[in-house]
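Once you scroll down, you'll see the structures, which are given as structure tokens.
In the two complexes that follow, subunit A is the common piece, with subunit B as its partner first and subunit C second.
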Partner chain A sequence: MNNHSAAPNQKRPFWTIARKDAAAGFLFIAPQTLGIITFVLIPLGLVFYYSMHEWNVLANTFTFVGDANYQMLLRDPNLPPVLLASAIFSAGLVVLNLSLALLLAVLLDQKLKGIVVFRTLFFSPVVVSLVAWTIVWSFLLQANGGINGILAVFGIEGPNWLRTPTTAMISVVVVQVFKNVGLNMILFLAALQGVPKELYEAARVDGASPFKQFRRITLPMISPTILLTSIITIVGSLQVFAQIAILTKGGPGVSTTVLVYYLYQQAFQFNFFGYGSTLSILLFLIVAVLTFIQWQMRKRIVFYEN
Partner chain B sequence: MTRLAMLKATAASAGILLPLAWGGVAWAQDAVNLRMTIWSANEAHLALFNEIGEGFKATHPNVSVTFEPLPFENYTTTLTTQIAGGNPPDLAWIFETSAADFVNSGALAPLTEAFTKTEGYNLDDVTEAATALWTRDSQLYAYPFSTSPFAVFVNNDLVTAAGAKTPAELIASGEWTWENALATAKAVADSGKDGLVIRDFNYQTWQNLTAFWRGWGANAWSEDGKTCGFTEQPMVDAMTRLHQAIFVDGALPGPGENVDFFAGDAAMTITQISRASLLPKDDPFDWDLVPLPEGPAGAYSVIGQAAVAAFANRPNTDVAVEFLGYMTNPENSEKLAQFFPPARANLLNAETLGKTNPLLTPEQIENVVIAGISNGKVIAGHTNFAQIQQTIRASLDGLWVADADVPAVLASVCQGVSPLLAR
Partner chain C sequence: MRTDLSPRLRVALYGLMCVLLIPFVFPTWWMITSSVKPISDIFAFPPDLWPRRFDFSTYQRVFELQPFARQYWNSAYIAAIVTAGTMVVSSMAGYAFARIKFPFSNAIFMIVLLGLLIPSEVTIVPLFQMFLGWGMINTHWPLILVPIFGAPSVFATFVMRQFFIALPGELEEAARVDGLGRFKIFWTIALPLAKPALGAVAIFTFLHSWNLYLEPIVFLSSTQMFTLPQALTQFTDAYGGAMWNIQLAAATMTAIPVLLVFIVAQKQFVEGLAHTGLKG
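Coming up: the complex of A and B.
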């Protein structure tokens, strides 16, 4: 009792205004919190728990092995090429995706008749089903597929795209870029249109060339969007799975076996669920560290923040 | 709502729901729903299975069996994921290549005793060659319902149009060898169509090449499964010849090319006889079914097997085993034989198989099916097959380019897979 002066027969209601507000607040965030607990935090805890066990699904044995799976992680001869493939994929995707998205956004940021048609066209792959998109590309990229057919018209003998290590990696990157470049393009376009026009006017009066205007005004002004898109794209690139599963199955060799696909192989194909969980902990750490670094870099790169 | 009203409402709904829930439990105790995962979504197959399921209902009115087709490509992965998720089926089909993993795991219910006790089952009629893979310590853990030899389907129209002798003519003159088969394939490929398709190989599923390299006497690994066979001379010879056939002669479609024999696009295809159902019904071509050609190591045949097993330690394991005994009894085995060549010696004759395989001629049944099953060796499996398959697939990828160094690639296969085989 904190209110000694209150008469003993005058009971304070339980639902004070402050409590009601608090309850309403908790109720508002409850669906989201429940979702995060059920689908993020509990699985995360379970994955960590599984990573310390050897789980033989068929024999139904579940043995505690301590850090054995983490030891295996350090000794796994396949892991360096897998991490390399992931790094190449992510780097290629981010560079290609962001520069293409920015280029398209600049080109489409014009007051021309019918420009909306082009914006829609470049955005449309984003709303196409990923699997359908990838399957169509797998036909196009066959040795006797559509792309080599077009090349043949110009007398060029195209490679067997998905069957040679270098072109296979290029293919999965490009297929992914074309799928998602529209989303970044729209974000850049919105950012470009948010840049105050008087800045350009002032620059023109001062005699700045269009390139200089882009470098000195546009880039700094849209830097928060560049940071946002690069975080989304890098994190997304580390989760790539369907494209690999459909186009290359990780081959040729292990040249396109990225971390998520390797994790899937270990856990679901080879039934090493313990080691698969360990790999997903590794993936989690990589994503966390990369996001942290990018977030730190915003102080240096991002010109201003709202 | 006042607290009292809420309490009343809760009590009332509990009063309604609890007896219902209890009734549900009581009802569920009587009814048994068995689920069998299969990898065929063929409607004719499903109709037959459902017929057998209904037949079981005659003696077990409370048991219903559902057949759940899973995609062929990811079958084993999907099955083990169901098991890992705590929702295993009661019965499941198992590929021959995964036999060792399942049979040794302790996950399957033993069958021998139950089958012996089943009246009229006649377990002795099931050949030992067929059950060897599915037996551990003389206990049968899965019933091989399909023992299907690999054979060559031929499109005679394409072969004669290319000016080559048909395989039937080559067989008649004793010249049905791999050299002549590949020459025929090359002739058809040169004429604009495709030559020979090793079905479902797709430059990924290399175990299907067994039907080719056994002709050279090659094996993926030794009998005991411990030693890699890819660097042995027969394998080097077989793969060198195959590489030449693909990249020099163009006798086989190259990597990444999708060619369908049954659509009339290729001269020949190696596959199992159950694929006869894919032959075109309208506007068919003149087709034939012949045994695998003779290789440098002589005549041979290769068998693919599929078995069906019941999972142990499940609430309905006993009923599942009982259903398995019904599904594979002599009478139902004969029905199954129209799609799946049987493991029962009594059924392995041209007369029985001819009744159930109207598409095939008596000669085809005799020369391909019966001879193939009697002399064939099953495709090699191994414990931990999925990882071994994947490791070899990754190394073999180096072979499927025009300028590959065949012995060097095969050496890299053994280097990669040997630690896994020795485990």
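Coming up: the complex of A and C.
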């Protein structure tokens, strides 16, 4: 690259500051942008392309079948229960996670000695290896495991948690909530500490009860954080895989087979790459629609945003 | 809502928090104590909160049943490279999107943000085929390249951009008047100021890589290449039953080092998370 600005008789050098900046900008974003093109956009196009093909790995054939995989999707008897399981899992996770996170954040926001110790302990599962955490819970939730052992001490006969459809679903939700609720807890805590103290003082002068203060001041003031955490949590809940694979393998039956796990089974256990790709498209559409709805809600329900 | 609390309320709050702590703390305790119980005591009734007999041979068995040291190294070096690589890629991209004017920057940023919308689960099938074509199946390349350059690093770029946007511009302007180039400004002025954001990015990238499970089981097939999360599920007897105490010993060795680092540096962890672009 010639640096023309050094040439004496040239009035307007090619490498102006603006052009240098533009070049630097493109260089700086190049690794990330090329990465997104290579590892996200091209694969997304390929997923769509694969989803219109019948792909037999054993016979090594790859034939165009148009919308046949999508027809199969609509007729797949497993799909309604899989979508139901995903919906129950995501809804249960978001509701439990956000309400527990908010409760813990309010508790940690109190003026109490040693509160940092509690904060550290509530947050600690976030840094425990996900698979290690899930294995311990799997051990605890065995029919003769720790939880039923403790229940039996009190004369209660616990269910076989991971082998009964309802309790299996409850188990995978709860295990995931305790693992990650610390993240949302910290975000809520930061939001609570950002609410101007004067608002509460004014409310107290007016005689508002603590409950009323929480409902009328705290909740509206932290609503941007509630929205943000709900987006992160819902999108995260659609990606849950290790917990299902280790705790229940999608069972009993298909009661805990969420969409990602079903996709994995179809593509990598049964080698139905075409149909697996169709399921990927479905997963992508669900994530996109949910994110869109939540960003629309942002305009309506979020009150105070800078 | 910080008000001064009556002593009675204070006791009630401590009590409530201690009860709530049980499901957060007990599993880790149970993992550590059960990992040193002989297999005959593992399902003892009533449950032993403290082992009645100790059997430390479980820790030795972990290394006999799996190439566990090798697997540990795999996880550690992959996480280290991914963390360092993501810090470089995301801080450069985040800085450019926040501070440098160049054509189409907003449009390109929107395209990059698509990575947040498209979780790697959606693209796992074509990624598998791509890496198969490149002869990189059963190597660590997919676990290194995709997180550094692909969807997982977009969140880091977003965090860095939010940080650099909030940074006052005067320092940079002064440097520009002195004729410093963009890279110099980025390296000597902007980046040192971004240490808190970089710290948060490092922590989350490390944890993400350390916890990766779907990708390793899709891309890796030989035990020598396995990462820890994958290795932890391999401790089964000839009938496929879990060898609980050995498995929990391996899980303890996986979890405890990160947990200790966290306890020492918990302030950085928690505040890094709370005060980075995450707030919106």
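FYI, the second predicted complex is superposed on the first by the 292 of 306 C-alpha atoms of A that agree within 3 Å, B and C clash if a C-alpha of one lies under 4 Å from a C-alpha of the other, contacts with A are read in each partner's own complex, and residues count from 1 in each chain.
Please note the rule applied: a residue touches a chain if its C-beta (ideal position, glycine included) is under 8 Å from a C-beta of that chain, and two chains touch if they have at least 3 such contacts.
The shown structure was predicted, so the numbers you read here are calculated from the model rather than taken from an experiment.
Once the two complexes are laid over each other on the shared chain, residue contacts for A:150 go to subunit C alone; subunit B is not touched. In the superposition on chain A, A:251 makes contact with subunit B only, while subunit C stays out of contact range. In the superposition on chain A, A:59 makes contact with subunit B only, not with subunit C. Of the two partner chains, subunit B and subunit C are each touched by A:273.
Contacts of A:132 after superposition on the shared chain: subunit C is touched, whereas subunit B is not. Touched residues of subunit A were counted for both subunit B and subunit C, and C has more of them. In the superposition on chain A, A:160 makes contact with subunit B only, not with subunit C. When the two complexes are overlaid on their common chain A, residue A:178 makes contact with subunit C while staying clear of subunit B. Within subunit A, the residues touched by subunit B in the first complex and by subunit C in the second are 142, 144-145, 268, 273.
The touching residues of subunit B, when paired with subunit A in their complex, are 77, 80-81, 83-84, 101-102, 105-107, 203-204, 254-258, 313, 384, 386-387, 390, 393-395, 397-398, 400-401. For subunit C in complex with subunit A, the touching residues are 1-5, 10, 13-14, 16-17, 20-21, 23-25, 27-28, 30-31, 34, 43, 45-47, 88-90, 92-93, 95-97, 100-103, 105, 108, 111-112, 114-119, 121-130, 145-146, 148-151, 153-154, 157, 176, 181-183, 186, 207, 210-211, 213-214, 217-218, 228-230, 232-233, 242, 244, 247-248, 251-252, 254-255, 258-259, 261-263, 266, 269-270, 273-275, 278-280.
Those residues of subunit A lying in contact with subunit B across their complex are 55-60, 141-145, 160, 162-164, 249-254, 257, 265, 268-271, 273.
On the side of subunit A, the complex with subunit C involves touching residues 17-18, 20-22, 24-26, 28-29, 31-36, 38-44, 46-47, 50, 103-104, 106-107, 109-112, 116, 118-133, 135-140, 142, 144-146, 149-150, 152-153, 174, 178, 182-183, 186-187, 189-192, 195, 197, 200, 210, 213-214, 218, 224-225, 228, 235, 238-239, 241-242, 245-246, 260, 263-264, 267-268, 273, 276-277, 280-281, 283-284, 287-288, 291, 305.
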